[in-house]
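A, B, C and D label the chains in the order they appear, each numbered from 1.
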């Protein structure tokens, strides 16, 4: 497990040494959230209705911005090769990188969503559930993004097609996430969709790193 | 005959659906043929190329 | 793990090429025959549906093409998985061959589904229908696979990387399918094929099944032909390919 | 063929499309043996070295380390093999000390690296960000990592690039000491005579 701590700590340190880059997904998220009232009529009723979907899709898209930091920067300076060749099992190393990515990128987003949801004057009762749903969706999303980054690590300009690879897989996340939020808005208990999200998270965290490690190994061949 | 083609007003939908399906089948058949021809041509080109130089590295011990 | 002999035979390109050469005329001929019979039977002989009147006749092609699309995805993923784990080059060739056919059939299923939607709900694109939604996501998965494959220039690396995407995709397909199904049950929109499907009398059912068989055989013919072309491409400098090319097979 | 061979190469061949880099390559390397990999640019030296490290796959043939295929080595067995390629694997935003500490913990080595840094004349640069180092200094940190890993098999891809004469001398000394101490080293280089010793294996690619 020391390898997990080592990689996790290193990735966090590298991320915070370039903390300004961490803000990019957050700013992108705020811009997208601000654009929708321009596109739709700013009437409170419409915003409330469409708010859940907009926030979830915006969070999904803005998390895609952070994928270059995951593998490409390591591949460029040769440390990804050394991670592959180190005595630490690659699956653990990948798990550490995904955890660091989730902490650094998705957690700030999750903290931002309730604030923006409030600005869409969605009922404050729904905010904790929405945050919980996002928290449960974060591991799965992080694994998908890491998989997209790993699959394209071998390409010079791979970033553009990651969205194409990853977004079709995020369908279930969107369905259960928005459903949980809508249920809590109507005051009903959102346990069912939250449990689905939790199940997806367990599946992603257990199977994902194996596929990601294989993708990285092949990508660097 | 025209009554059959009309199909109670839905004819346009049914025939266009069958038309698209037929088109997809034909496109796929044509794509396969084109891919096969290109592959064969490529193989032909390769066969005319002269044999590539043998590249066995020499391994020897320094005295 | 000792693999059975036929598995090794399936791994050798010349054997599979000749097997495909022997099988495809049968598959092609039988497939076309069944499709012709099924179409004539479905359009002419089968009685109109009491609810949807004539437009239900699209039921003889929409579910079939959707089924072929899904089958192609599963074949692609299984072949890619086998190719990745046991390094069987031919399995990668099969995966590559299945992908474009699957994409085309899923696209066709989407079109016929949309056309079927027009008279039934008055709109071409019914977001509510879980089948249409699932086929759309499946098409995106295919396009993602083809895009990733196109991005690599080295064939061997392209094979192994897209194999991982295919396997991950096929694990997610049932999840996407049931979550879209579950999502639909919340919004109570109607579907083309409600669970039981439109009440089909026997003489409606027979052409329905004939078309399934016909499309499956047509798909197999396309797959084998495309696999042959892929084998020629991959084994370019093999001797038996050169003789084949010199013979000038059409 | 020494029976104690640990690293075996059998019928190794690499094809890039229709172009063949090398084929029919056999070799055996046992403890206390040095192999020098020479050949013009583009002859496949780096490719071969990456195959030996298990990073890449040959078109045909195989490489085994202690009988196991190198690309399927269990994580613990990978501790035997250290590969230093053209890239130094340094995170530009971390200091030299942080980079080395990370490498050490990844390889489960508790040894202090101050002595190694001193030997490489890097002790003053220990707290500089890797981005501010010169190419030669970065290469020296890469050598520090090599020394730190304590691996039995060294795979070095043109390790003397960017090194000044003093650095090269140090590297040659380390390599000879490593081989003499029962280790194995495969060095891809354009100046084989620097490393050449009696009994070294010379692999010449065309």
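The rule we apply is simple: a residue touches a chain if its C-beta (ideal position, glycine included) is under 8 Å from a C-beta of that chain, and two chains touch if they have at least 3 such contacts.
This structure is a prediction, so every number in the text was calculated from the model and none was measured.
**Q** Determine which of the two chain pairs, B-D or A-C, is joined by the larger number of C-beta pairs in contact.
**A** More C-beta contacts join the chains of A-C.
**Q** Using only Cα atoms to place each chain's centre, name the chain farthest from subunit C.
**A** Comparing chain centres, D lies farthest from subunit C.
**Q** In whole angstrom, how far does the Cα centroid of subunit A sit from the Cα centroid of subunit B?
**A** From the centre of subunit A to the centre of subunit B is 39 Å.
**Q** Please report how many Å separate the Cα centroid of subunit B from that of subunit D, as a whole number.
**A** Roughly 45 Å, centre to centre.
**Q** So, what's the distance in Å between the C-alpha centres of subunit D and subunit C?
**A** 48
**Q** Roughly how far is subunit A from subunit C, centre to centre by C-alpha average, rounded to an integer in Å?
**A** Taking the average C-alpha coordinate of subunit A and of subunit C, the gap between them is 32 Å.
**Q** Touching two or more other chains, which residues of subunit B qualify?
**A** 46
**Q** Which parts of subunit D, given as residue numbers and ranges, touch two or more other chains?
**A** In subunit D, residues 18, 57 touch at least two other chains, as defined above.
**Q** Can you pull out the residues of subunit A that are in contact with at least two other chains?
**A** Touching at least two other chains: 221.
**Q** Where on subunit D is subunit B touching in the complex?
**A** Touching subunit B from subunit D are residues 18-27, 39, 196-206.
**Q** Help me check something: in the complex, which residues belonging to subunit D touch subunit A?
**A** Against subunit A, subunit D makes touches at 53-57, 75-76, 78-79, 81-83, 85-94, 98, 102-103, 105-108, 145.
**Q** In their shared complex, at which residues does subunit C touch subunit B?
**A** The contact residues of subunit C facing subunit B are 39, 43-44, 48, 53-55, 57-58, 61-62, 65, 100-101, 104-105, 107-108, 111-112, 115-116, 118-119, 218, 222, 225-226, 228-230, 232-233, 236-237, 241-242, 244-246, 248-249.
**Q** With touch defined as at the start, can you tell me which subunit A residues reach subunit D in the complex?
**A** Touch list, subunit A to subunit D: 2-3, 5-7, 10, 13-14, 17-18, 76-79, 81-90, 220-221.
**Q** Report the residues of subunit A in contact with subunit C in the complex, numbered from low to high.
**A** These residues of subunit A touch subunit C: 147, 151-152, 154-155, 158, 161, 164-165, 167-169, 171-172, 175-176, 179, 196, 200, 203, 207, 211, 214-215, 218-219, 221.
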